[in-house]
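Some structures are shown below for you to check.
Each of the next two complexes has chain A plus one more chain, namely chain B in the first and chain C in the second.
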Partner chain A sequence: MAVILDIIFSLVFGGALLVIVLTANDIANENYSLYNGDVVVQEMLVSTAELVEGELRNMGFGVPEKKQTVLEADTGRIKYLTDLDRNGTIDTITYYVGDTTELLQTQNELDRYLRRKVNAGMTAKVGVVTQWRLRYITASGEVLPTPVELDRLTEIHIVELTMEVQNPYAQLRRTGEVEDGQRGALYSSSFWQQTRLASQNLRR
Partner chain B sequence: MTGKAALVFVAGFSFIIGYISMNLNNLATQATSNMALYNQTTASHGIATTAANVGLAKFYQDTSWRGSISQTMTGVNKGSFTATMADLGGNKLRLQSVSTYAVPGAGNIHDTVEVYFDSRKRNSFSMYAWMTDFEGNVFWVTGDTVWGRVHSNGNLHVNGKPVFMEKATTSKGFDPKAGTGTNKAIFKKGYETGIAQIVFPTDLNEIITASAVASGGKRYAGEIWVTLDPNTSANNDGTAYVRSTKTGPIIDSIDLNNAGFDGVLLGDQKVHVQGTLDGNLSVASLTDVYVEDDVLYERNPQLVTSDDMLGLVANNNVVVAHNVANNNNVEIQASIFTRTGSFTAENYNTRGLCGTLRVLGSIVQKTRGAVGTFSGSNLTSGLSKRYRFDDRLSDPTVRPPYYPGFYVRTYAITNWWESYRIRLSL
Partner chain C sequence: MSTGQSLLTIAAFMFLSTLLVNFYRLAASNGDVIAGGQDGIAETTIAISYIEIANGLAFDTVTDTSDIAINNPNSLTPPDQLGHGFSEDSLHKFNDFDDFKGYSEEKEMLGSGRRYKTKFDVYYVDPNNVNNKSSVRTFVKRMDLNVWRIFPPPDKDSGLDTMKTFTTMGYFHFD
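The block that comes next holds the complex of A and B.
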């Protein structure tokens, strides 16, 4: 009898432990996924933001005073002149975002590539963003309608950049947690920043 | 036995859970430290920008300052900076500011901001609607209206109520002083006296160099007659025909739109000019330029958008010729520059009444010349004046090809560069 009771209690105790272990494993995996997502997204955001902020701040460097610096200005695209490597030769830099259909393999339906092109060289993917919006502001504070008309490109003094990066991979939420019109996946790692970049070279 | 097993069991579980926790903590720390580093690099960048502004403030208080200043910040904002101002030669200067910001566990990080200056700036003489080195004893009188900037290195004489639509400046003063005696001039954008003289060039070297064949220009040793032909109504298809006598055969035909032509046509002797220009051209002479008939733009910039631009540059004088064509009104659309002489009309005091001389452009002369004579306010010989500034020339960098310019002392910022970090492989 005692042996049978030992076996029964062992099974109950062992089962409880197994449930605890499995639950702990689930929680650990979930947290690992979230934290790892945070790291990935923050690194993406920081590396992209540092590059874009740095380059846009130097927009117009080395360009003669009366020469037009910004060549194209749209919400998702900017093309401008600068002496990128400070060798006395003016370079043409283009930043633009691609279409969301380029990243169908990721769960996040909003992510897209941010691309950078120098002169006629290869286009490089410099980040994956879920939001990339440029606004152009004149010296008097007027926000120029986009795409900025050719004869108003020289009026641009400040470029406002809004950028959001989300985790490309999602945690699906329970049906009850999702309201009408909401996305069905949880992108816990979502970072957003807005910067107004005023290149001193545009203010000469 | 059971007790020992339980201890091992608990210790094992603790180890596993502890390991998982440590990993999770590491990840969380990585995420935080990533953003912290971004914050620290931003702070470092901010210090470098601050240093640049500190350096600029010091420099603009004393533009002779060269050397370094350093500062260490204490309190919440820790870090230090050094700003160094140095001559780069060729009228260029650079202010370089470097920040130092201590990052715990990663040593110091640095950011750099470099500001470049040009100690002088080149302006075109054509930015002035009217400029003289010496006004002579000619007065601005009631009825005179000048659109565009006016300057004289001498005195500006006023008798009555002339209107200056833009700023008027003199290196000496007004005679009599503005607002006193007969000087009732109206200055719509103000006036300034006693400003530094604008030095006339000692030669026409820039235009001479540009006239060389190797530079893409045209130069003729003898006296020449230049006729400007706009050809069709299309833009930028003008031609300049050159003759060695007034009615002789064409010795040269210049396609003004030819990419190989730099826009300079120079004669060592007198250059006579007339016609309608479609393009950009400077007609220059090492002696005098004679305007033989109307000189016009195909597209009048007062009426339509125009990229036509003409410079008439003479080492001595630009002269409105005394001939049949010019006996009944003359119109000149050009920027006129006389290095040692005047803009004048030939036989202005004996040629009889010749109507009105209309100039659209800019007139810059060493000595103010005459185009007519007056008795009171009545013209008795020569031409009456209607001068209008070409507003396109108000930008000091806009000028006909190789048109003479002058340097002004300035410490304008020409370029601004800030360091940044690239973590991506581009």
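The block that comes next holds the complex of A and C.
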């Protein structure tokens, strides 16, 4: 009898041990994927942000004082003037986001290309974002409705940009884990938000 | 099961429990480090946004209202009077660099729901060494910014801390 009890207890303890180890292994794998995704996403965000913040920093550079700096202002699109090469010629820069259908090959259904165009040149893909939202604020703090009307473009004092990057491939979740309104996979996400002046020399 | 075997089993489970606790602690700390990276990105962008706004303002109230070049720093605002005026109660009403002195503002990162607070201090510095605070008026001002997350509040053990940075502005005038 004692031997049978020993075997039963051994099986119970062994089973518990196996469950604990398997659970820990699952968690380790899930965490590794998520943390790795977080790091990749943060690196993607920073590389795109470096370009964007460097360019928007010079918005209006070289543009005569009385001339309009922002030519088009919408939630997902901005066209502005700057002297990009510092050669005395004013350039027109356009940033805009494409459609989500352009990146159907990725698992993430929200990612899209961020595009940049200089003058009438070729459009270049400068990053992949899941959110790219521009807000335009006047000197008195009023948030202008978008698209900003042509006669109000000169009122733009601050451009606020919010950008989100998610990883294109993520960890799939089991059907039972997904509740209504949730996505079928876990995506790492990283946000970036910055305000830029439409012109550096308004009060100087 | 003999007493010896029972003790051995208990010891083995204690050992396993210790291993598991350490494992989960390590997993959680890795998450905190990476979440801290996101906070670092957010705090940096917030600080740069304020610096951008500050750099677009006049150097001093005097230089904002007058277009005449100032050659004597004693014409500027005295150090004990730096700060925003009574009517300059919000960021959009600031007109010069030192209006940020003593100011603080909360900002929410759209989309993430996280809130951050920024506190400012502005003072004159020695033009030859911007780390030296000057008790007299000079042509260089320094702004210190402290940014930290207030919501959700960071755990005491998370290692998250205030991001501190500064920017300087020197007076210049185009004739």
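Assume the second predicted complex is superposed on the first by the 151 of 204 C-alpha atoms of A that agree within 3 Å, B and C clash if a C-alpha of one lies under 4 Å from a C-alpha of the other, contacts with A are read in each partner's own complex, and residues count from 1 in each chain.
Rule of thumb we're sticking to: a residue touches a chain if its C-beta (ideal position, glycine included) is under 8 Å from a C-beta of that chain, and two chains touch if they have at least 3 such contacts.
Note that the coordinates shown come from a computational prediction; the quantities given were computed from them, not determined experimentally.
Colleague: Applying the touch criterion given at the start, work out whether A:R116 contacts chain B, chain C, both or neither, answering first, second, both or neither.
Modeller: Touch status of A:R116: first partner only.
Colleague: So, A:A24: does it touch chain B (first), chain C (second), both, or neither?
Modeller: Both partners, chain B and chain C.
Colleague: Taking the superposition as given, does A:D6 touch the first partner, chain B, the second, chain C, both, or neither?
Modeller: second
Colleague: Could you look at A:V46 and tell me whether it touches chain B, chain C, both or neither (first, second, both, neither)?
Modeller: both
Colleague: Can A:Y35 be said to touch chain B (first), chain C (second), both, or neither?
Modeller: Both: A:Y35 reaches chain B and chain C.
Colleague: Which holds for A:L197: it touches chain B only (first), chain C only (second), both, or neither?
Modeller: Second partner only, chain C.
Colleague: Between chain B and chain C, whom does A:S140 touch in the aligned arrangement: first, second, both, or neither?
Modeller: second
Colleague: By residue count, is chain A touched more by chain B or by chain C?
Modeller: Per-residue touch count on chain A favours C.
Colleague: With both complexes overlaid on chain A, does A:I158 touch chain B (first), chain C (second), both or neither?
Modeller: After superposition on chain A, A:I158 lies in contact with chain C alone.
Colleague: Have a look at where A:V126 lands relative to chain B and chain C in the superposition and call it first, second, both or neither.
Modeller: It touches chain B, and chain C stays clear.
Colleague: If I apply the document's touch criterion, which positions on chain A are contacted by chain B in one structure and by chain C in the other?
Modeller: Residues 24, 28, 31, 35, 38-39, 42, 46, 49, 53, 57, 199-201, 204 of chain A touch both chain B and chain C.
Colleague: Along chain B, where are the residues that touch chain A in the complex?
Modeller: 17, 20, 23-24, 27-28, 30-31, 34-35, 37-38, 41, 115, 395, 397, 412-424, 426
Colleague: Would you tell me which residues of chain C are touching chain A in their complex?
Modeller: 1, 9, 13, 16, 20, 23-24, 27, 30-31, 34-35, 37-38, 41-42, 45-46, 48-49, 52-53, 55-59, 64, 90-92, 95-96, 109-112
Colleague: Which residues of chain A touch chain B in their complex?
Modeller: 24, 28, 31-32, 35-36, 38-39, 42-43, 46-51, 53-55, 57-58, 61-62, 65-66, 86, 116, 124, 126-127, 199-201, 204
Colleague: Considering the complex alone, what residue numbers of chain A touch chain C?
Modeller: Within the complex, chain A contacts chain C at residues 2, 5-6, 9, 13, 17, 20, 24, 27-28, 31, 34-35, 38-39, 42, 45-46, 49, 53, 57, 131, 133, 137, 139-141, 158, 160, 162, 164, 190-197, 199-204.
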